[in-house]
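Per-chain residue numbering starts at 1, and chain names A, B, C and D are given in the order in which the chains are listed.
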Amino acid sequence: MKFKAAVVVTLKESVLDPQGVTIKEALHHMRYNQIESVRLGKFVEISLDASSAENAEKLVHETCRKLLVNQVIETYKLQALSPVSQKEA
Amino acid sequence: MKFKAAVVVTLKESVLDPQGVTIKEALHHMRYNQIESVRLGKFVEISLDASSAENAEKLVHETCRKLLVNQVIETYKLQALSPVSQKEA
Amino acid sequence: MEKIVITPQIVEEHGLTPEEYGHILTILNREPTITELGVFSVMWSEHCSYKNSRFWLKKFPTTGPAVMVKAGDENAGIIDIGDGLAVSFKIESHNHPSAVEPFQGAATGIGGIIRDIFTMGARPVALMNSLRFGKLNEPNVKRLFDGVVRGIAHYGNCIGIPTVGGEVYFDPTYQGNPLVNVFCLGILKHEDITLGRAEGVGNSVYYLGATTGRDGIHGATFASVELTEESEERKSSVQVGDPFMEKLLLEACLELLQTDAVVGIQDMGAAGLTCSTCETASRGNSGIKIELDYVPQRETHMTPYEILLSESQERMLVIVKKGKEQEVEDIFEKWDLHASKIGEVTDDGIMRVFFKGEQVVEIPAKAIAEDAPLYQRSYKEPAYYKKLKALDLDAVKEPNDYNTVLQKLLADPTIADKHWVYEQYDHMVITNTAVLPGKADAAVIRLKETDKLLSMTTDCNGRYCYLDPYIGGMIAVAEAARNIVCTGAVPLGITDCLNFGNPMKEEIFWQFKNCVLGISDACKSFGIPVTGGNVSFYNENPDGAVDPTPVIGMVGLIQNSDYVTTAGFKQIGDEIFLIGPIQSNIGGSEYLSIIHSIKGGALPEFDVELEKRVQSCCLELIRQRSIKSAHDCSEGGLVVAVAESCILGSGQKLKLGVSIVLENISGRIDGILFGERQSRIVVSAAPKMADALIKAGKKHNVPVTRLGVVTQETISWTVNGKKVIDQPVKESAQNWKGEIERMLS
Amino acid sequence: MRFGVVVFPGSNCDYDCYFAIKQWVSSSVEFIWHKSTRLNTYDCIVLPGGFSYGDYLRTGAIARFSPVMDNVIKYAENGGLVIGICNGFQILLESGLLPGAMLRNTSLRFVCKYITLRTVTTRTPFTASLKKGEVLSVPIAHNEGNYYIDEKGLEELQKNSQIVFQYCDADGAVSDSSNPNGSLLNIAGICSKRGNILGMMPHPERCCDPLLGSIDGLKIFQSITESFKKMQTA
């Protein structure tokens, strides 16, 4: 069965996000002063093959821990996992 | 009022994603052959101040179109927008 | 605020001994607050106070006619190079952070060393990095190597300072303990020297740059004593570098220094705000008063302890003349930097820190900065030392196929070409790089608007230092000097980064002491001053310590571009000579390690006087324009050096080879071919220059041997009438150039 | 001829451009601070390389909103000469002055080395003094030089001869093996329809001085001054 997973990887709260800070300041320069903070993370879309939703989930977590996420500074969340109908795939 | 918005920025389908391809290949090297494709996007978390949810939404779309998203290669989705209670903020 | 009672346990958790705590009580004449204890603990840590190493570091020669700022007096030393210009350079380790998070660890290392240089008033113009990892076939080593190189590239490229050179070694001794040493060099006009001093009562103390978070606050257990739950969970031991912020800081500070508004400037590196305030006050014979409420903070509910001890990156302390604040703020504003006045210089010699109106620190500045404990650690010769030296190498069988040996050595990642590394670094920005990485034994940058150029290199062979720390230390200096000389330069000074295991172990300390003495004696003999450096202890894990690795960063001056010399052969028909002795044994060599899996044997004989003569001879020949290339023999010995000169001299189409014929050779052939005796330089010259070379050899009393001639396509060595090596250059080039990439893919 | 080199926060080839022009091309060259709004005194504007705003978010994305850029756009629309090098090229793309966008290098690594470039067209002031097909040896140094444009856009580029430089081998042949970053059709530089705006990834300012190994970059700057002279006399 085919699945699609959406994972969001973000810097841990305590970790400085230079990109976010710079983007926020840029927005302020553009007069969007209502923007109070910006934090930049990654969005990872994974298409995979698994025998069950459970296995798919296990697999996604495994790849996150092993490769996609640098757990020293990042955390992640599996946002969505859904089967893909054969036609769509 | 304070709001928090979550925006997902992804490369258009037609644009090759070198990072996604490389991650997929790395996963195959690690014997995760069930992974069929990976696409990498950005996850942007924005905290802002607006007089209403409607205005907040308008503001987020504006910053996306102007700065956060390069519409030549990217598309975006406003995933969530929610008020933040004073206490949390 | 809740008052915390200082218990012996808390003292211990702060890494302070009961005696040191007693000393604190004497200084204060009362019990310290927890915040004060934190201040003492970071300032008296090994990292800031050099309490275990300082006694031996004093052995280094630090003076010389050109030395303008001495080692240890400021963030970095300064050396005069004429024309009203001076250079400031320094090397620093970021080993432990890089082991935890290679990318950010290496990146913030670059950020730190750059700040050290521009606080001196110098514009940073070159970076180098000296790296050591375990065996490259280990997956974790690949990850660390890749991450470190990316981190250095990320920071250095973004800030726009070229990484012009460096070195990479792969050896099991560094498995689990990678060494990441980074070097920065800056140029300044004499009148722009800036010191890290807080002087002049009433002058303002400014905080400049990034916001303060709970980054890198040391220790874990003691923290729970005072830190809130929030801090515990939000504390981060990994700091994220922000090269863009640092670029702004760099430009703003250099612009600031062109005004007369600045009294002193100091970066917040290790021990952050604590170190920068008490050091500047101490150097200025002043006191300093700061209010933490004005420190820009990234996180909420930070305690004074946390604010003072935070090691957030990209922050500077600037002491501004009273009345000149506006001028300074305008410059910060121009660069979109947030500056905040956090206090002022006082005259009572006391560092005072206030938080929410309450005084939380009151310590004599000199006492923390200069009265740190000083220890003479005991040492003992390690058990391995005599045993390895006495190893009988006669029992090592000479191989019968030297072609294979050569190919294996060329493909050994330590010897192989490092273009995979330096092509990830912008090595040309600032348009000074006159000799690109890989082309010579040292990097060469020009000094715009003068005829002069600078040459720089980092060197150290840890295995030599393990086998003989004293000689190994000397060799590190000698090899660096030889590399500098091979490019046509005269050495100006060195900076050192001493990477060792746990200094509390007597056998480690013995290595440390002997390396320092070796470096020191070599520097004295060469007349080269040490202008600064860094000590990194505790590079060890349960499997043991790293080989003693005192990395030498050396800088030299080239009088004009006519003298610039590279390592590649230039033309078919040129003759090849060896300056220096041809005989060598195989002790301590890469050959012995790679081909025979032996780490041991007595190092080949080393004589610093001979070394000096070899270098003088080479330099004279370069200045007479008698030679066209110069390449020193290092890892892999004579054959590898010659092969590299062939490959480096080859173009896309024309491949240069050699035909080398040696007669009347006695002793081991593998020693001649692959031994790593020092004091040897392979040069090439037009045939008509042969007499000049022989004459120079006689004049300087060094052996000069004609090895052969530059040919095409084939590397050929005949020894005592027997062809021992016969290889297409193309194949050698492929092995040498491609191996690192092959191993990583 | 009066050159102006724009300095964005995070530019780091600004001085390199300034120095190369001053030393080898024209004594009249000035820095233009990114908050400045007056450009009409210059004959050619240089957007230099570097990491404007750290290249955070996307390369060139934030610099595009620097106050100076509105005027650069006006200046270019009036036919003024603008050359964007590396990060400058990325800024031109983000600002819409040139079509397309930059993706990460396919190697996902920063790459700094000498490459060879093929001169595809000499119709621009930047290449008028070169020979068509001329091969130049120029360094690159970037993380995002993988030029992308959609099919329709590419057709337009080709139709209007907007492709100015392509990565090639030493003999001038354009092939995959001579592509250092995955760029579409090996594109290294493009110009605007009118030819007055050039964006290129390689760094000509790094190879104007014989001491640094190649002087092929100087040919581009010299072409600018020669074309300008011709325009003046025409």
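We adopt the following convention: a contact is a pair of C-beta atoms (placed from the backbone, for glycine too) under 8 Å apart; a residue touches a chain by one contact, two chains touch by 3 or more.
Computed from a predicted structure; not experimentally measured.
Asks: I want to compare two interfaces, B-D and C-D. Which one has more contacting C-beta pairs?
Replies: The comparison resolves to C-D.
Asks: So the centre of each chain is just the mean of its C-alpha atoms; given that, what is the distance between chain B and chain D in Å?
Replies: 31
Asks: With centres defined as the mean C-alpha position, give me the chain A-chain B separation in Å.
Replies: 9
Asks: Can you check how far apart chain C and chain D are, centre to centre, with Cα atoms defining each centre and the answer in Å?
Replies: The mean C-alpha positions of chain C and chain D differ by 36 Å.
Asks: How many Å are there between the centre of chain B and the centre of chain C, using C-alpha atoms for each centre?
Replies: 41
Asks: What are the residue numbers in chain C that touch two or more other chains?
Replies: Residue numbers touching two or more other chains: 242, 244-245, 336.
Asks: Give me the residues of chain D that touch two or more other chains.
Replies: 53-54, 56-57, 62, 65
Asks: Going by the contact rule already set, what residues in chain B reach two or more other chains?
Replies: Where chain B meets two or more other chains at a single residue, that happens at 66-68.
Asks: When you check every pair of chains, which ones turn out to touch?
Replies: Pairs flagged as touching, ordered by label: A-B, A-C, A-D, B-D, C-D.
Asks: Under the touch definition given earlier, write down the residues of chain D that touch chain C in their complex.
Replies: The touching residues are 9-10, 12-13, 15-16, 19-20, 49-51, 53-56, 109-113, 139, 141, 143, 170, 203, 205-206, 209, 211-213.
Asks: Can you check the complex and tell me which residues of chain D touch chain B?
Replies: Going through chain D, the ones touching chain B are 57-58, 61-62, 65, 93-94, 99-101, 103-106, 108, 146, 148-150, 182.
Asks: Given the complex with chain D, which residues does chain C contribute to the contact?
Replies: 150, 153, 157-160, 242-245, 247-248, 335-336, 419, 422-431, 433-434, 436, 446, 448, 561, 652
Asks: For a test of understanding, state which residues of chain A touch chain B in their complex under the given definition.
Replies: Going by the criterion above, the answer is residues 2, 8-10, 20, 23, 26-27, 30, 32, 34-50, 59, 62-63, 66-68.
Asks: Which stretch or stretches of chain B touch chain D in the complex?
Replies: By the definition above, chain B touches chain D via 14-16, 18-19, 22, 66-68, 70, 72-73.
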